[in-house]
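A single structure is presented below for examination.
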Amino acid sequence: MKRARRPAQPHAEGHRVWIIPDAYLPVLTAEDEAKRAAGRGYWSHESLCVINTGPKRASLTLTFYFEDRAPVKNIRVTVGAERTRHIRFDKPEELGGFEVPAGVPYALRVESDVPVVVQHSRLDTTQPNCASLSVMAHPIR
Amino acid sequence: MKRARRPAQPHAEGHRVWIIPDAYLPVLTAEDEAKRAAGRGYWSHESLCVINTGPKRASLTLTFYFEDRAPVKNIRVTVGAERTRHIRFDKPEELGGFEVPAGVPYALRVESDVPVVVQHSRLDTTQPNCASLSVMAHPIR
Amino acid sequence: MKRARRPAQPHAEGHRVWIIPDAYLPVLTAEDEAKRAAGRGYWSHESLCVINTGPKRASLTLTFYFEDRAPVKNIRVTVGAERTRHIRFDKPEELGGFEVPAGVPYALRVESDVPVVVQHSRLDTTQPNCASLSVMAHPIR
Amino acid sequence: MKRARRPAQPHAEGHRVWIIPDAYLPVLTAEDEAKRAAGRGYWSHESLCVINTGPKRASLTLTFYFEDRAPVKNIRVTVGAERTRHIRFDKPEELGGFEVPAGVPYALRVESDVPVVVQHSRLDTTQPNCASLSVMAHPIR
């Protein structure tokens, strides 16, 4: 007898703790600033991209680590059930008001109350054209 | 006695579920559109690259997750036995007619009936020169 | 009592089978060809980067998978003990004479007789400036 | 009864041994050299980005592997407790005086006395605009 295909129930997939060692928000150039003011075109930024495949909202706690000062802890963001969020690090309003310092090396730890998957990407337009990089975050548990 | 080297039988390697949090199809510029119409040169696109090292065809089901609406499920693609496919996300004909919305953050879940390996790459030509990024998808199981 | 630090004996680290789904050797432009002929400057290429941290030479067997034809198997390369090799895929002499076809999507499987670590990188100079991407290969076993 | 949220004690997360097969420090152009001398703008470099989430300082030992000569071992760097460091490979003063040779393929092994997470990034400005790539290092143990 052919087994009926079970309807795909959403369930949370991934890990609860993820780490990104190389984070860096480029300082905006004058041209970048003009684009940002107009809200059009590309300017340097980083995005923390999270996917929550599960049936309940994910509550994330971010920790920002620096080279020469204590970490900034407890920055909160949420990702809805069966939704993705690409959180822009150049927009404090997406980080509960926290302003990520530009031009400073930092690193990131993401902790979620449910399993998620996390990727980190950077677009750099400091020079006339853009350079981009992206890594899957490193899963801890 | 020297053991004879067994002939390499193809077998499926990898995982059945893979996730990509950072997907984004850039909006084409006028120059991109001209290249696309002519079918020559580079224009912005994403590719989902799958390899099936096994002896039977892989049937994949893609789910597209968005920031502000319900996921689009059950997009089907296949990858032949001992073949690779680099599926272009700017070509609906490679996704059973599904048009991936451009200029919108999304995320992706890939499920296969046999183990495969999945990588996701983006080429962005919004500015005069191209920027590229690529990640191995995150394996779930 | 402070325990003496043992001298670091070289030992092979990593995995024996690695997979890369997204491989693509860009077609050289006229400018690329001129640089290649002169042996100076950047032209599009891919590199398979292997590190062998162990005390004996690694013998690797590469399989090239395509979209529409049977895989090419048994391409052999070696990496010395405690050495790295960045194998250029635009140079048939580094692949036992095998010419990787340009302008064609393919994928790659690497098998080694001892554990190694494998990374795959691409430089694309099709447009006036370069775009680069790199991924750690996916370890199978 | 709702369980009190325990205060987050810093603890070391990640792995003690990490490997990067594709390392390459581009030769600086005349323009790069001028920027470097002025200490302003972008010039080609690599960064080894390490995060130490734990309560004690991490002592790292780097080994540099080459294609045609014995590895250079025992280069030491440290990363403070709850700190990140983005170690520039074009700056010998950040590597205990070791000068990473430019224009030469190499690979890298990182060993730490406590768990850390390691990412490796390259910026290449050999052509007029920059290209960047980044990978999470491969964890061994």
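Going by the order they are written in, the chains are A, B, C and D; count residues from 1 in each one.
Basically, a contact is a pair of C-beta atoms (placed from the backbone, for glycine too) under 8 Å apart; a residue touches a chain by one contact, two chains touch by 3 or more.
Just so we're clear, the structure is a prediction, and the values are computed from it rather than from any experiment.
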| item | value |
| --- | --- |
| Interface residue identity across copies subunit A, subunit B - same or different by half | different |
| Taking each chain's C-alpha mean as its centre, the one farthest from subunit C | A |
| Distance from the mean Cα position of subunit D to that of subunit B, given in whole angstrom | 30 |
| Inter-centroid spacing, subunit C versus subunit B (mean Cα positions, whole Å) | 21 |
| Of all residues in subunit C, the ones touching two or more other chains | 128-129, 131-136 |
| Residues of subunit D that touch subunit A when the two form their complex | 8, 13-14, 42, 47, 49-51, 53, 82-86, 117-119, 121, 123, 125, 128-136, 139 |
| Interface residues, subunit C side, partner subunit B - complex | 17, 19-22, 24, 63, 65-68, 70-71, 73, 105-107, 109, 122, 124, 126-129, 131-138, 140 |
